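Labels run A, B, C and D following the written order; every chain starts at residue 1.
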């Protein structure tokens, strides 16, 4: 089964930044080490949580090489190839491959206004650009397009896609994707990107999760995954409940943008936990204010008691 | 606990229509009898699946009186009070109460463009219009507004709302609502309206489900609910998988409207199963064509084997 | 030409309310008298600006009878028949006809999820419900559906529709509608609902305007229309520029709902001008606060100098 | 007045492609020559119509250098700097400046989810990246964000923005932008991107138009502009009516994507007119089929009679 390596907990790694906005490679290495030591099954560099849209090509290369080196083969490294359309995404995929990625993650085209036939050709071209497995990243809130289950499973059956990261928030669509994938012989690794419904999604057949919050609490997600693997759904749900309470950190920054509230909360919590030396966000996003950071710290302390 | 009566499987009952478009009360009675005999825990009349938007006040009254009579007190009867804003919704609620409803279900205002403070006053006014428990119906695809968890739980704590029917498709929002409700002492009965993720939603704490597909296979949902109540999540998931395969009936009517595809599929399947004498839809919706009906029948036969 | 009567300036009349929320018929009569005396070419009762969604059937009847009596045949009275679907809208249309309406204005179905074939049948059924001319009201922000130009012109050619009130904000679509209507022999009276682009829309061929702001400054719109009719586009534009500055009143209520900001601003300005005794909004909408009312008054004073 | 150079008709130049998908520089030169000889007031390279999202950096450089050389200083050359966020957009702007651009055109961030404060910093950073004037490109259908008038005018007053290309389709917003710009002393050149409402937009004060259709009929837009400049609004409207009939070419490709239907129609019409040797679109967009091309040719022949 080609998808075997890409299951379980695969956090989208944050990109620690220096005060000047450059990639803090030392901290990035330690973040990766923390994730692996806590038991994650893979890491996803250059995702939305990794602030990929804000990094130039040179910075992106630094991130991938740093993560690959730090992981040292212990788990697979997925890398986002985020750009407007096929030719540019293919170039990004080749750069990621040269830097040591184990798999590529790509969305439908950005900015362009394409139909499903064009999107299918897009994924076929991106897959052909490297030897690596390709994951489709379904995130309509950023890309506008919802990828339909039948397209995804057909591309899986044809060997174009190795998996899907679903961040669509469409629970009916996710269940239909899982079911269609099973009916087709499981060509795809189907991963949910939603942090707080992992127990239910694993119950209905998801192959894993790509939780931004996994940067903050990788051990919690590892325990949730293990409970689910053991069929202990009550324990899975209890772990998920605790994690869901922790996830409230992303709703603390009232009146700020989605990226500031979400990634900013993850970085702020990691700073509070001593995992990173500061919560600098990529320009033009400013860090969260002190009052918000204090609310986030209180939530972390209340929901990750083992760390207090 | 005031919400005890409103949990488990509560299908939104279809409204059988004669060829002339009038309410077929004889068939409606038999549909209700079938639901109750198959073990549902309540019925919801005049929901979207009941084509409430297409019925005039007199027809609505007939539906409620027929359902109440047929149920004969064996399970609670929830009734939709669907109209544009507070005054009109309150009138509809009072009519439903006079006709014997056990609870009212209302959405945020339609057509009007209101903010959350106005929506809160709206629900308070509707609740005050009758003595009955009030459920908020969260269905942005029809109403445009997503009801936030904190508003719902506050209205629950204040005794305004007895529960929520969530048809928003926002899985993160649903988990947050369940968690906030638990934290507040469970003032609300939190019901999911999504047919194919019931196992996962029950696992994470939903109090029940309002499945349109429950008109077609009430017994399946009853078994799913019982398995979940027993903590047998593997069996719950197996039942859900079968039901999810049955749900594919709503995707068969290519190129038709949402109401034609969805409610039309339920009626077509019920006709195939001999539960109703015809699949007439309310004007201006035409019934599904023969080829679509044949595909739906094949799906029913393949996924409800006990009936063959 | 059947559309002759329905052109020029046709304001959607506000519904003055007493402090108790009932229709203030005395003030409504004087508002209508003011509009007619300032030179409007028609009035539109029970539109969005008339808070139609908030009024029950009895209140709606009072509004129509009051407006019809006050107008006394001097200009045509259009009346909104706003409800969820065909049967209910047809009932509302018949009530309006009995109360003396000269034309009916109806939207696509609300709440229901219909396709274009269903919407076409809907308009045909509503048109058949009375002898009166029917206008389609295209307002996607409230109804979700955008009515396509080819459907509208076909219904015009078939004698189903007498006109269109376009509040879609889709300027390309509006130009295409005007052009298709001209090509079909002008079966439709095409009216724009946007207050601040009337000069440009009249230049490109609109037959008139339905401006909520016309409640505040009917004379200004009458002058704009007359300048356009005379082909004096420079004067039309100057009048429009002044009116556009006045329209800033709707952007003063920061953080309030669309209905509060818009209709609330019209009522507040009319109160300031002494046209109505108070700016009460329909429940659950609260009036604008004093600071907002002061800003609105200042804008009125600065842009309607003749009244100071 | 710093904006003087950027007014009138400024078409977004298509990018002719060889059968292999490379930039056809010979044809691009002749397209530019045709535009300038027909009287346009500027050209905009690397816009949406120029398929910018589909071109890699090397191809983009070729386009800019070719256009700059072909224009030879006769009119200004605006160049799109389209990428995800500030750092990447600044890099694209610097490359465009080195290749000879006279002005930069940039959108709000793509893929990123930013608030208005972040978008404001974004535009300030992009402006600071080169010495060139910067235009904000407001195109929510591709970028999701609607740029508010007060932000744009403030950035104009601060010398950050030299102008705005409005492709938002929000006619009320456009009028408010024009009015706010006038009130601020006209710091911005306000250009509409909508091909069929140019007469009305010029009447209400637009400084120019960026029409994709201007690739097909630059002379028509030049005549429309001259009529408007002369205050001959009847003639402007007649020219616009003819152009609007020509614009129907973009609605011929039923069931194809927005980019295929729009840019594909422009290229197909230009091929029919002998302006380009083929209508190849950038991968993954396929050219329009023969039946669609025939319908487009017929519309061109019917509405550009001088060319027949």
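In the analysis below, contacts are C-beta pairs under 8 Å (C-beta built on N, C-alpha and C of every residue); 3 or more make two chains touch, one makes a residue touch a chain.
Protein names from UniProt, one per chain: A, B, C, D = 4-hydroxy-tetrahydrodipicolinate synthase.
This is a predicted model, so every value here is computed, not measured.
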{"item": "Each chain counted as touching chain A and chain C at once", "value": "B, D"}
{"item": "Rigid-body rotation angle, chain C and chain B, from Cα fit (steps of 5°)", "value": "180"}
{"item": "Farthest chain (mean CA position) relative to chain A", "value": "C"}
{"item": "Cα-centroid distance, chain A relative to chain B, in whole angstrom", "value": "35"}
{"item": "For chain D, residues contacting two or more additional chains", "value": "none"}
{"item": "Interchain contacts (touch definition) - all pairs", "value": "A-B, A-D, B-C, C-D"}
{"item": "Contact set on chain D toward chain A in their complex", "value": "48, 52-56, 82-88, 91, 109-115, 117-119, 121-122, 125, 141-144, 255-260, 282-286"}
{"item": "Interfacial residue positions of chain B with respect to chain A in the complex", "value": "169-172, 174-176, 179, 194-197, 199-201, 203-205, 231, 233-234, 236-237, 240-241, 244-245, 248"}
